[in-house]
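Each in structure tokens, the structures are laid out below.
Next, two complexes with subunit A in common: one pairs it with subunit B, the other with subunit C.
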Partner chain A sequence: MTNSTSQGKDTADALVTKAITATGDEYFQSERALLARGAAAIAALQQRAQDPDPVARFVVKTLLDWIEGRAADNDAALQYLDAAEKRYARTPVGNPPPTGVARYLVEHYAGRVTPVLTLRLIKEDSWPHWRVMAVLFYVQQYPDKELLAPLTHFAATTTEAEWRNEAVETVNVIRGVKRAQSLAP
Partner chain B sequence: MAELGEAVAPPAHGPVAPPPAAPEIPRLFIHVDANRNGNVDDAPAPVGGWRWGARGSGAVVLCNNDDDDASGTVDHSDNVVNGNNDVPDIAPLSLRRDRAAAFPNGWTAHLSVSDRHKLRIFNARTGAGAEVIGPGTGDAYQIPDLAPRDIAYGMEAVQYANGAWRNGIVRITLRVRDNQQRNVSVQHVEVRVAPWMMFHHLAHAQTVYVVNDASAENATFRGDLGPMVAAAGCNLVAHNSGDVWMQDCMEIGYSYLPDRGIHSVLRAPRNRPLRTFPRTLLGHDFGYEQQGNLMPYTTFDSFGNLEVSPPVQQVRGKDYPAGRIYYGPGRRGEWMDANLQAFLNAQTVQRPITVETGWLTVGHVDEVISFVPAPGGAHFKLLLASPNAARRILSAIPAAQQAATRMMVGRSFPFYNAAGNYVGERAAETDVATYLADAPARRFNAEVQRKLDRIKNGLRRQLGMDRRGFPDPNAIIELPVLYMRTPEGFADAMTAGVVNMLVINNHCIVPKPFGPVSGGVDLFEQDIRNKLTPLGLTVHFLDDWNTYHVALGEVHCGTNTKRQIVRTPWWEYQP
Partner chain C sequence: MANVPPASAVVNRYAGRVRFDVLEEHLEEVDFLFAQRALLLTSQRHTLSDLDASEQRLLAHLDGLLAGEAEAYKLLLPKFVQGEGGEVFAVAYTVLATADAAWLELLARMYFDNAQGPVLDGLCAALRLVPHSANVTAVVAPWFTAARAPLRAAALDVLGFRRDPAVMPLVRALLDDPEPAVRAAACVAAGQLRDYSLRERVERELSASDDALRRAALRSAMLLGSTLVLDQCRAAVQRHAAEADEADEALRLLGYAGQAVDLPRVLAALSEETLVSAALAALGWMGNVAAIETLLDYAGHPQHLFQVAQSFQRITGVDFGAEQLLSASSAAPAAQADSARGGASADETALPNPDKLAVWWSAHAAQFPAEQRLLHGQPFTLGGMLLLLEQAALAQRGEIALALALMDAALPHIESTAFAVVQRTQCAACGV
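This part shows the complex of A and B:
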């Protein structure tokens, strides 16, 4: 192994570690860097695929699926959230309605973007209320046990009572304890 | 012990003096305006609690939230009467001795209140009055000099009834003690803070507020609006802001004492640039109030979502002489601020109705409901948006002419790219044949009509319009509006939301609908004129398409109104 390869691998490892542990801008820098590396980041991610921490495994799997092309709608879904925010800012509503955003995601992506949006849910540290609620409402429509760990983590760490309650509701839906509420207006 | 029925009841605790044996020993009583005629009663304040009704009793105090001394702060925020202009806002309270004889040496009298954080008592009802009971002093006060036969005090409330103080009542107690500190007499009096109330559309309008956002389209809108507002006898006031939703930032209401009222603007808990505007209205006889948290806010916290009906009677046996408030409570993840809802409920006299508007993108009640004055027993008509009314007009066009009949002529909707940036316009114009053949649009509008029918039936019940003997069997007028489904699955008005109009002094300033045009006539406009003009209303159509409609609002959303206070004996209401 050459120095440069070793250095590159170490860097990728560091990026993966940061992606697992960091939030906010620090996380996004690592996410962008890993996505930009593409195949070069895969090995480093795969090394953490069996991490004992289920939240870490979820982060790694979501990023791997994204890099390896198994999550083709991720970028479009994230772009939609940004676009909706701009569109609604001009209206009396001000912010996109969470149930409507969830409904849009269901209609356009079915359950395909639940991992990336759950990833963003736990990594963003400045998401507005509408995004948090929209993602939780959406995720409830596609109960996926792989999302249990990150959603439980979110419920345990958020300081907003309404978000915590909805995250707990989502966990209960995934566990089959509760049924998802309809998104119909 | 002095006697005044239950009002001079034995104290619950403490030593009790024997009844005064000598007839020359006077008694001291609280006198207030318990009969609500604007003057202190000759008779002592009556026994029992504050009672509603025309034959009820109990004094009213004002939440003194105007600024009579131009200090820039509400008058109840300090511990003095704020000059002579403030005196009429101060409710009278007198202590009167019932005979000329003086009290024996060593006797004392004490006033106290059940909650000094709700009510302030001043040592005089003059411009120089200072607090003796209240937030800055304490909840009890010993009368310093019992020599005067009549000792005048003043009262102001320092807050409205709210979720934490639902009945708006404060109990005032007067104790007279002998020279051994034994209670000789105890009198309890209840006073109630006047509620914050909203103006309905039948109230005389004085001033219309609008935003100047410095754009050319806004200038045209205001230029068109000005003569219409002037024709209705109102002033138009423009405020510079980039936030064009004037209706949403505030509700100009009022509070009424037995002899007078003050305006009181309620700021919406809505964290957008116009949040600072309502406070600029604070002034002499113009109060300022805020309820709820600015963050996080939802669309349901905006006051296009807060309206009131005209007066209605015999609603399940109750009258609402000041109308009933109505609002959309919200939808999952977006509820109206709970403190705001509790505040509205606590005002009691305009007991709120909730209306299911969560299916609309914006979700404001003004989008689909309005009221106009009308001759006849009910004095009003209820206006509702109706896709069915619109389709009836379209379907009545002879089939052979439908393809040639255009609607939304020359109109367009803004088009945004995937990044949310404006990239151009999408033509809205179509012909009637094409529109009528659009099955998804037909199904969607039928669904919207079902939701509007539920609103209609709910309002009929809650406003007593369904009762036998309601004076106007045709009190509901449906106006044509076609809806479209948004990417998020909500409903937006496609043609202008004509119900979302400004109603001032028998003038209706209606969003220009851009309905189907036949023979040079807009058939939606014609329908609206035919329905409203016979009521004695002057109908103006104002083009707000590019300024408000495409941004999901209409004329009403872009304006706000100050109306004239009229005598409102809200205490006669029986909740």
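This part shows the complex of A and C:
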């Protein structure tokens, strides 16, 4: 019994470590596994809640909040993005307009899904341009200091100049040295 | 007055109008001038005034980045991840000079704490040079208890370089660090800060088995007024054949200390080929005209002519050019000498003709008192040393600053690689 508990805890710890360090499919496997464990994953996540790395702390806190009560909004917002992509794929434009998506997120979720979308922003390897820009425009409307570390990390590591520029704009909005991009149509 | 916008609004209004290509130019110039500064510091031709002029350009371009701070992060942030020396210096300097506490804390914990290799080098350069002491302390304070030894050593290096007395209790603690490299950094910082309460603790490292630690302790103990270290230097010179590197350092330190009792010991070291250069340098620092004939004996050896010329000049103050003592083909031996010293820039040091030098000495020897320690033909004084520090070639100023500190326990150890304006403030504090 002791062995099986210890083994289970080790696995949860490993999943948390992977969630912090990995990106792309490897990250999503660990995210899915942690969310599926629900309350059983909380102890392992809480062990890393004081990690010296601010980005690691953000990942842990966002996953904890997801498990502990933000699941409905988070899941709905992510489903909306997937649905919008499919719907616009059939149109001449091809992709959803980033400011329109950001406006939708503001109207339906206010600032409640900024953490999960920022988490996806730094963990996705293959997000299309419209998703990246839409999330950055949306996050700018709710300047939250908790998002500074992941957005700074994204700005420093992305190889796309336009994404980096908008991420820095977002960082500057959160720091209070710039105004947010207007979402007016 | 009511229509004047608050300062933050003005900054915000202009922040959006900063031209990105101008910021790129500033970054490129900082990168270039940072590298140029490193080369200048090894120059045998340029002086503190030249360094100051170059630094004014460097600071002007840094000001350009500081003015466009918010916009500049589009350019600067990736340098934390993949930048090199000058670029990392630029981004770290900008952050340290402009960031509020929360932004600085975030960047410090995200990037500074994980820095390694060239990123850590560029970062430490900014930490040493930026004038914003509170921000520097905020960054390095957690490093004193960091798990990584290079960070603990870097914290000592930075605050020691800045002569920040707040580091003193930490120096004491890290003198007991398990890593020799950290203890060596603590020894260096103790000497830089001239914390005499640490003298005995530093002296304990004079017998350390780690070479770098022992050498750091040697120099630091000297700055802390240790008498034990002079005996250690004398012993090191005696056993030169086995430990040439340490004997080399010991000879130079005996030269800076300038005690007449050590003259025979230094002259005897000339019999060991590996110690000739250090012994010739020491003779110059000892300032004793009794050594001139020996220097002239070595002037005929091209590989030693550079050092002979320096030491001859250090004792007599002769201007080789004005006295028409220059050799027609002086550039080549100078380059050889520079190369032999380990790659310092060769520059265009003009070397004297050995025969002309001997003739000049025959004619002028009577002008120099035999019983006094001389510096450039004058009694060895604080004023003379400060003047020399202002006028000497940049490559020589480190040892001049050390010799100056050894003159008087109350004098600061001037940091010869700090910004020129900082050095001049330190010199002014010497009270002349």
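Definition applied: the second predicted complex is superposed on the first by the 181 of 185 C-alpha atoms of A that agree within 3 Å, B and C clash if a C-alpha of one lies under 4 Å from a C-alpha of the other, contacts with A are read in each partner's own complex, and residues count from 1 in each chain.
As a working rule, a residue touches a chain if its C-beta (ideal position, glycine included) is under 8 Å from a C-beta of that chain, and two chains touch if they have at least 3 such contacts.
Predicted model only: the values in this text are computed from it and were never measured.
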item	value
Room on subunit A for both subunit B and subunit C (clash or fit)	fit
Touching partner for A:68 - first (subunit B), second (subunit C), both, neither	neither
Greater residue coverage of subunit A in the superposed arrangement, subunit B or subunit C	B
Which superposed partner A:25 touches (first subunit B, second subunit C, both, neither)	neither
Touching partner for A:125 - first (subunit B), second (subunit C), both, neither	neither
First (subunit B), second (subunit C), both or neither touched by A:82	first
Partner chain(s) touched by A:137 [first = subunit B, second = subunit C, both, neither]	first
Touching partner for A:93 - first (subunit B), second (subunit C), both, neither	first
Contacts of A:104 with subunit B and subunit C, given as first, second, both or neither	first
Smallest distance from any CA atom of subunit C to any CA atom of subunit B, in Å, after fitting	15
Of all residues in subunit A, those that touch subunit C in their complex	52-55, 145, 148-149, 152-153, 155-157, 164-165, 168, 171-172, 175, 177-179
Interfacial residue positions of subunit B with respect to subunit A in the complex	245, 248, 270, 272, 296-299, 302, 304, 331-334, 358-359, 361-364, 416-421, 486-491, 551-553, 557
Subunit B partner contacts - residues on subunit A that touch it in the complex	76, 79-80, 82-87, 90-101, 103-104, 107, 128-130, 133-134, 137, 166, 181, 183, 185
In the complex with subunit A, residue positions of subunit C that touch it	8, 11-12, 15-16, 69-71, 73-74, 77-78, 80-81, 100, 102-103, 106-107, 109-111, 113
